[in-house]
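The following block contains the structure, expressed as structure tokens.
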């Protein structure tokens, strides 16, 4: 069965500048984070998926048909663009109903769907206010609402939580996760790694127009075995802990914190290290543990620097 | 997202999600959205003033007559000048330039084109809907003013002879519609092809269209030449332009040429718009 | 102490506002406009009538009998400047229609006014752009033509009684430039789109001229003649350079008064629209 969104050796250039370079990827149902710094090619990736651009080379297929030149796909696809642009004279409700009308819904259903979508993004109370008078966060939410109002199977979100306060950001993250659980294909583009981490563990890392890596964050991390894994532990007796772990052949280095409570270990085999840790941890009185290399940022930094 | 209720009785049938919306419903949807944006805008206020000004002229003329101020022309002559000079040669082309160059350019500049391009709409329907909105708006602003002007001026000295003049009114209404359609189609094409269509549009109107005064074949390459020939009343030119009287081109040919030109410009516009990529950046 | 304190220190100097605060706005905007090739083509085309007039002056200098067909006297400069009015319209649309409109659309006015600039500086800066462009096709070629005339036909122009021509050229050029510039700026302030502002300005400019034409056809009254900006500017030129006007006699004071009122109206529009924040109701 074909994936809802597929890139087959797709490239796109603007004049002499290559925005996307020989990308082959199949985006499965669920939430996929599209990560990369500014200028990496995320927007181009999404615009190709949304059929707003044609690939200069290769193919991009959306729901089994070419993304470019297939407007029928938009019955089942929603796009939340990054640009902050609206028909400012319309109210939030009018904005959504107008777009739903253009998607082919009847008048009554347009209104119902519009109100439902505005509820989902907590904008129902402001539905009769002109979009021109909305705050930045409200504008972002109404943009998201128009992308979900027609219940699409594929959702392309370009920086969806940009400009939102923490409460609404949480609401959107929960909404995205819920849509992923329902089997929809959601691609979320962002350069803010912890936001994407909150939504999904499946990521596509993009840099300079190329895909650096794709898959589960942990799996990507595990594959980077030549890059030492750092673990920091806080213990009652860090030196006792150090004696316990230093004998292991996969421990590459140890260092102590300035306060005398922390031990930082570098290991080439994190899984084996974690397996051997519990006994030593109890004896040394470990109270806290974290690994800066578990997060996406370190994965990304490492991949970019390669 | 939670499941929504299906369509109730009397509502539209379920959507066919394997095809884009049919051309007519799609164009109608875009027409409604575009019309709302066009009608309640500052730009339309200016156009309403310009297109409705002849009513003021007619009222002024009637006022001059009442005040026994010597008028230089009869009411019907003034009506002829308003149609031929004010509307067909000047204001209608300006109105077309004003609206038609902006049909797509406004959406690009406002970065709202993305919303239209990510709906299941065939691209030709988007342009058709917007063009229909332009035509509807301009006709709605012009035709009532034209009729009111005619009635005020044709009856300035009583109702005698008005019956013979009424067919002229209907003819002029047709010419107005054709002028808006042909100039509109041309400027729609300019607006879709060029990033900055205003200056070329102005150069077309105020430089190229002047060749209508040159004898020979060149007037046939202007829109004003054909439109002017459809207007029954041709006021005499004054000043330098009087040295170069316009040719009167065949009426039947004019109708065909103008309709064909409008269709061609629109078809080209649709062709270019359907193939163009629009990249809207923050 | 060998190690100096590198922490933040308050700037104690007193700084007043600079004098020519508007100048950076004008300079940068001019730089952007002059970088466009199409604009330079327009500018060059605007100077073509100067070449034609110079040829006219030369022809009269060379063949004095030609002066009967193409008179070279004080009126030459008035006619030349009146012709240049249309070029100021083109240049203003191209280079000036978006000056305020683009800033309104992008919210850049807030950025300007968060600097030590007043609204007056902002308007002066933008006006400076348009004045520079318009004077470059009126004042500069007008004075050049005068110099050429002085050089080629000194017997005709190097006389005390014709000394008024120089100041008249300067005055008329400034009246044209200021009137057109203020109107473009006011229309630009009424829109958020450079294109709509440009078209609006053209519509207003040409529309008023058409209205004048129709009203004059109805009944040639002086009031009709002052409705059009183009005609008012021409009448000022006719007045300054002694060119006989066609149509009903218009009181000499009326065109300048109408132009002054128009300028005040434009300034009122700018005052109302140039604000850092717009309240959306």
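When the chains are written out, they are named A, B and C in that same order, and each has its own residue count from 1.
The rule is short, and it goes like this: a contact is a pair of C-beta atoms (placed from the backbone, for glycine too) under 8 Å apart; a residue touches a chain by one contact, two chains touch by 3 or more.
In this text, all values refer to a predicted model and were calculated from it rather than measured experimentally.
Engineer: Give the label of the chain whose average Cα location is farthest from that of subunit A.
Structural biologist: C
Engineer: Could you name the chain whose Cα mean is nearest to the mean of all protein Cα atoms here?
Structural biologist: That would be chain B.
Engineer: For subunit B versus subunit C, what separation do you get between their C-alpha means, in angstrom?
Structural biologist: 31
Engineer: Measuring centre to centre with CA averages, how many angstrom lie between subunit A and subunit B?
Structural biologist: About 48 Å separates the centre of subunit A from that of subunit B.
Engineer: For subunit A and subunit C, let me know how many angstrom lie between their CA-based centres, rounded off.
Structural biologist: Their C-alpha centroids are separated by 54 Å.
Engineer: For the complex, give me every residue of subunit B touching subunit C.
Structural biologist: Interface residues on the subunit B side: 42-43, 46-47, 50, 53-54, 57, 60-61, 64, 69-73, 78, 81-82, 85-86, 90-91, 94, 97-98, 101-102, 105-106, 109, 196-199, 202.
Engineer: List the residues on subunit C that touch subunit B in their complex, please.
Structural biologist: 38, 42, 90, 93-94, 190-191, 193, 195-196, 198-200, 202-204, 206-207, 210-211, 213-215, 217-221
Engineer: Taking the complex as given, what residues does subunit B use to touch subunit A?
Structural biologist: Residues of subunit B touching subunit A: 1-2, 4-5, 7-8, 11-12, 15, 17-21, 25-26, 29-30, 32-33, 36-37, 40-41, 110-112, 114-123, 277-282.
Engineer: What residues of subunit A sit close enough to touch subunit B in their complex?
Structural biologist: For this pair, the touching residues of subunit A are 14, 43, 47, 50-54, 71-79, 81-87, 89-90, 98-99, 101-109, 112-113, 116-117, 120, 146, 148, 151, 175, 178-179, 182.
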